[in-house]
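First chain A sits with chain B, and in the next complex the same chain sits with chain C.
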Partner chain A sequence: MHVFVKIVAVIFFVTLITGCTDKRIIEEIAFINLMGLDLVNKEDYEKNRHLLVTASIPQIDPAAEAKRELIFTNAKSDKEAMLNLSRKTNRTIVSGKIKVILFGLDLAKNGLNENLDTFERDPIFGRQVKIVIANGLAHDVMKPEFAEKPRPSTYIDKLIEKETKMNSIPEALLFQFQRDVADDGKDPAAPMITYADNEVKIDGIALFQNDKYITKLEPDMSRYFFFLNGDFSAGAINLSFEEKGKESPVQFMYSALKNSRDIQVKVNKQEEIDVTLTVNIVGSALEYNGNMDLGKAEDQLYLEKKIEENIEKKSIEIIKTLQTNKVDSLGLGRYVRNKLAYEKWKSMDWQNEVYPNINIHVEVDAKIKDYGLRT
Partner chain B sequence: MSFFRFLLKDKQENSQRESTIHKQKQKPTLEAIKQEFSNCDDLVEQSFDQIGITILFFGHLIEPNMFNRDIVEPLTSIRSEEFHSLMERKQYQKVKTSDDTVQAILKGYVAIFDKKETYIVNAFGPKERSISQSETESIITGAHDSFVESMNTNISLIRRRLNTPKLKVKKFAIGDLSNTSVFLLYIEDIVNPDLLKELENRISNVKTDIVADSSMFVQLIDNSPHSVFPQFFTTERPDVVVNKLASGKIAGLTDHSPNAFTTPTNFFEFFESPDDNNQRWIVGTLVKWMRYVAFIVTLCFTALYVSATTYSYEIIPQTILMSLAESRDRVPFPPLVEALILEIALELLREAGVRLPTKIGQTIGIVGGIVIGQAAVDAGLVSNTLIIVVAISAISSFVIPNYILSATLRIARFMLIILAGAFGNFGLVVGLVLLIIHLGSLTNLGTPYVNPVAPMHPKDLLLYFIRPPHGMKKYRPTQSISPEPDKRQK
Partner chain C sequence: MKEKIHPFHLGIILYMNQVGIGLFTMPRLVAETYGTNGWIALLGHYFIAAINILLIYLVFKWSKGQSIFESLEKVIPKFLLFPIYLFLIAQWSFLGVILARYYVQILQINNFQTTNAYPFIIIILILTFLLVMKGIYNISKVTTLLFFFVIWIVFLGFWLIPVWDAINFTTFIFKGSSENLIEGSINLYSSFLGYELILLFLPYLDTKRKNFTGVFFGHSLTLLIYIYTCIMCFGFYSFGQLLETLYPTLVLFEFIEFNFIERIDALVFPFFLSNIIVTTTIYFWSALEVSSRVLPMIKTKWLLIFLMVVATLATLKVDIIRAIEAWIYKLTILEISVAFGLPLLVLLVLFVGKIKNKKGTI
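For the complex of A and B:
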């Protein structure tokens, strides 16, 4: 017979004899958008590995008042939680649309490796999944309902996405986080959010030592962290400094920033490591209420110097915090590793002994690109 | 194919052969001819008693002016002894056999019966449709004339555009009952003689009762009669035919058919419109690409909806997923059934719209638009997203310039929808692969159907996937190229 008839016959039979068990018709599935993992009771966790798993699922029933379904359970793992959670909803729970995994602070302090394993192994989690740390319990961040933010899951996802674009929090996608955990020359950092004063907001940067949460940077310091972290071109900082002839500190808005960073590592004969971070910033003066004339070259230079001093001061502050907490979130270890012989790098304890004691200098070069029409 | 031919052969040949032999021997007497046309009440018999002449003809096949000039006026003004000298004139031909006379009368000749001899004179000229715009292949800029049902007019439309003696016309008579003339047109020196020979072979092997239209005739000479894809390009437009002839293709015209076919054909020709040539080349190219996009959309869009909503929710963006799930929530059917209901409803609408007169056709539009569009969603029979999906794929199917191909894609679309409903994206891909394999296996006159792509001819790709600036069109497609290329063809 002709090929076409054969094709028709094949289609006909496969259609009839097919037994499709993996159907996931969209109105019959509950796709989790936001998943929270919490450690509630430390003793219980050490004994039973019990976690509080909270899932936020968009509600699709137009008759329902709430725009989302919030279900939670105690379970040993994400996979067991799925089984438990499915008893609490009339739809099939699927995790292919998880955008954000929210870890509670206590769980983060305890180390995330064990919990990340399941997300790493399951191919359903794409590279879009973001890791976010809740300052407190993830459950508490997820629980409140806001009239103006009917779907907290979408809100948190978009909030993180926007702030990442503005370079005020680091991007911590699942694979990036795990790559940094595995890298001995860099420690991961993740965005942190909190629920306070009846709103969910960004609460700085969570800094990790390997997979364990150590400390955080306050939101107003995160911009300076980014100056040191790498190249970017977006965002703004607000500086305030003393000026002659002005009683209150002068406000200076340094905007439309374009930053490039360079790291230089020097190892001298005594095997002392010396790291210099060079930061070049170009930006616009958007707001300035001091007495200087921005149109004059010498005044510009003076202001640029002020900016440099300011940023340098804050940067050193950050680096001190990082060094005392033994977290290498800037990935200086990578650059040092490149300078050293493999044997040498392997034999030393970078994180605990070398890193806290090396000399780190910051050199900032700021430029005012433009200052508007008014001088 | 051969199966049907076998059935026909038996019946026709026996009776035909006997009567032919019988007729050829007979002398063409008035009685014998009248016997042949017994019970043909539309045959007109007219006598000129003064000179003892009788004429036979079909009143509806002749043109009154010619009839008056060549028959009525001369025959009424002469005396009987002048008759033979009159018949010496060029337009009158003497016929020897009964068979020839019958054929001539059928072709619109008037048969003149003297006591001894029989003459025929051509007075053919029935009423015919005047040249009008093509309805199925209308264009915006460019020539608006299209073929009509009369062969003379059709060939004239082509000759008017190609003023060269190199345009050759070959005539074939096909159909044991209809005896339809089929003409092959080609430009000598450009045409590939092997293809021409192959086509002539196929045409002379056709055994059928009637040939109604070119679109029907090409199905008798194609390679894969069971394929859903049209294997010969058919068109109503003389300017298209002229373009194809100039690129070395062969055109075929069938009497009483406003369609011409051209060959060798490839799949990508079906996406061309004469408008492309009249546009600026960049615009023409973009429009061409849009048609290819429309082809993919009309084929896959509904199937993709079915597979995404049934199996692969991950590929739908979050925001759409939510509204999609909301609108699907009220629908009692699985996506496959839902899609099939709406697609079939649309096919019914479309078919009804084609058959109905324009005035009632508008009613169909309203019924379809309001009932299917709005009420079905309100009633919770289908989701409103599906309405959009089906509407977009229906609109895309209208973008494809060739009606026959667009109808084919409708069938292929159903196949993909069912596969997508059964196996999800995997099924959709398998369906597309089968479709591509099938397209690759088709041939037209022995040349591959997907020619510039497989086998790959990079220069030809330029002809089919962009509309090159006219100054750059310096070569002809490899598919129809003659083995002895002329100077312009490099």
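For the complex of A and C:
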């Protein structure tokens, strides 16, 4: 027989016999979709490393009424939790389909490195797992089930996915989060969700210093964060500003945004660091209830100026928050690092001493691309 | 007359022999050994290997395509050569088996975690056996086929462009290394090894063709793939993260997701079986070539089975990643010595032979 035929035969045979070992039957497996990790009692955590681990598993048995199985346990790690959880369900628990890992606020404040380490080490977890911070206990966010919404795990996953696409929360996949933790010139940021008023909703951006949660940005500020964070296209922003002859602030809807950001770092002879963020935005004016005429070029220029002022003001507010909290979520350190010699960069304490005191300027250039279908 | 290996096939054999599991750890290894932008140092490795290949080219030129064994045996008595032959047989058989084991070990991190490793190793050895028995000309053809079977994986890198960021490279060159320079360089150099076996291909090359253009093509293709992989990883990971990731290239594939398939890393790694089969095949073929010199009366089929069984049994206890890596490190040091020592020895012998001939004519 020709050698090639033999090789094909062996490969074919090998492919077939792979089904004979390490079998997994889908009906007998409980795929965890969403996992929550909480620190309930700080003293207990410090002494025994006890975490509250909650797992949400889709229910596929037609006899069951609920759409999912919610099981939880106290354990020292997510691996021990798996063993404990296994005693609470009739199916074999697997964690390979986890889409979202939800960390409680207290655990996030305590630092996530220890927990993320096991997720990174275990090959069963994909790097595309989303890291989300719950404002409160992750368990509380996972517990409610809404009749009119899909099962909570799917709901949270899709909610995060959609909002990320719209650029109102940062994408924090396990891989990206770890990349920023390991980078000495950038700190991670993650989406935050909360359960309040009988709803599970986005609650802004959680800002970290290394792996520890420090503070958050409110949802209405997140859009401005994105102008500073990088290039994007998609999303809208509602601006309100004072105008002569109008008693209440004027509303202006700036949508179909296209943003490009540039960072310039200057280091002078006294080794003072000066960072300028240039933000170029192009968008459509779709709602405006002020006195200007959107059809006139000079009025458009006036409005563009207003937009620029508005965004600059809010941006500086954000940068102040970041600097006072010593969180470099925009990754300015990476740009500063590129301007310095290695020894200089390594000898300075960027996060705690340098970053809070550098000069950061924001220059916004906004353009109204079009103004809808009305004159 | 026997069919000769085409220079293009020769290049592909070299490429397939060089590129293997090393590709999966390389970005971390260069970062550990040389620090930031350490991938630039791969050029140094490339040139050292290129000088070594030039030595082999000289052997080819001087001996006019004669087998190195014939050259050696003309000058050195056979009983003195026997220990060298035995060493080479052991070295190459062990390398063949250990590399297959290393591949299976890493494969099992992701797939078939609890299955016994032996079925996989035995399958690799069976495929190797079938290939080796068909001779080098057929091996070269099959290798070319297997090359096209895996090379498409390179294009998967394009899916990483959205998350790839040049800022992760940093502007620092060779800063922040954490590994021993010598140990790291040796480990990295193992990813370029494989070219030394071209010494055994010499009698199968057509002296009229530009064989070494093919060899340098293969060698350069290897470098190109290595640098491409490193550039992908250095832009994908932050430097600190790269140092923490054991198999950066493997994790890179973890990140690629299609609508119809997730976790293609579990799919991509098995494709590299092609590279492993070629590597194991070439090493066993080489060991067999030497064995036929020592025991010309025994059928090659039985010799090969004997080599495979002995090498597998001898490495029976080498079944954890730590032990395998320690073996590979030691075998790499020996192999580097072979890569430089053997062509130098042959050159010396050819030189002595020439002088003898001259004296004879006077």
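Definition applied: the second predicted complex is superposed on the first by the 353 of 375 C-alpha atoms of A that agree within 3 Å, B and C clash if a C-alpha of one lies under 4 Å from a C-alpha of the other, contacts with A are read in each partner's own complex, and residues count from 1 in each chain.
To be clear about the criterion, contacts are C-beta pairs under 8 Å (C-beta built on N, C-alpha and C of every residue); 3 or more make two chains touch, one makes a residue touch a chain.
For clarity, every value in this text was computed on a predicted model and none was experimentally measured.
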{"item": "Partner chain in contact with A:L83 - chain B first, chain C second, else both or neither", "value": "neither"}
{"item": "First, second, both or neither for A:A64, with chain B first and chain C second", "value": "neither"}
{"item": "Contacts of A:N33 with chain B and chain C, given as first, second, both or neither", "value": "first"}
{"item": "Touched partner set for A:I7, first chain B, second chain C, both or neither", "value": "both"}
{"item": "Which superposed partner A:A196 touches (first chain B, second chain C, both, neither)", "value": "neither"}
{"item": "Touching partner for A:V94 - first (chain B), second (chain C), both, neither", "value": "first"}
{"item": "Touching partner for A:R24 - first (chain B), second (chain C), both, neither", "value": "first"}
{"item": "Touched partner set for A:T154, first chain B, second chain C, both or neither", "value": "first"}
{"item": "First, second, both or neither for A:L301, with chain B first and chain C second", "value": "neither"}
{"item": "Residues of chain A that lie at the interface with chain B and also at the interface with chain C", "value": "3-4, 7, 14, 18, 22, 126"}
{"item": "Chain B residues within the chain A interface of the complex", "value": "224, 226-228, 308-314, 316, 318, 321-322, 324-326, 328-329, 331, 334-335, 415, 418-419, 422-423, 431, 434, 438, 441"}
{"item": "For the chain C and chain A complex, residues of the former touching the latter", "value": "36, 109-115, 123, 126-127, 130-131, 133-134, 138, 142, 145, 163, 167-168, 170-172, 175-176, 237-241, 243-244, 251, 254-255, 257, 262-263"}
{"item": "Contacting residues of chain A [partner chain B, same complex]", "value": "2-5, 7, 11, 14-15, 18, 20, 22-27, 29, 31, 33, 58, 60-62, 94, 96-97, 99, 124, 126, 154"}
{"item": "For the chain A and chain C complex, residues of the former touching the latter", "value": "3-4, 6-7, 10, 14, 18, 21-22, 120, 123, 126-128, 175-176, 178-184, 186, 331, 334-335, 337-339, 342"}
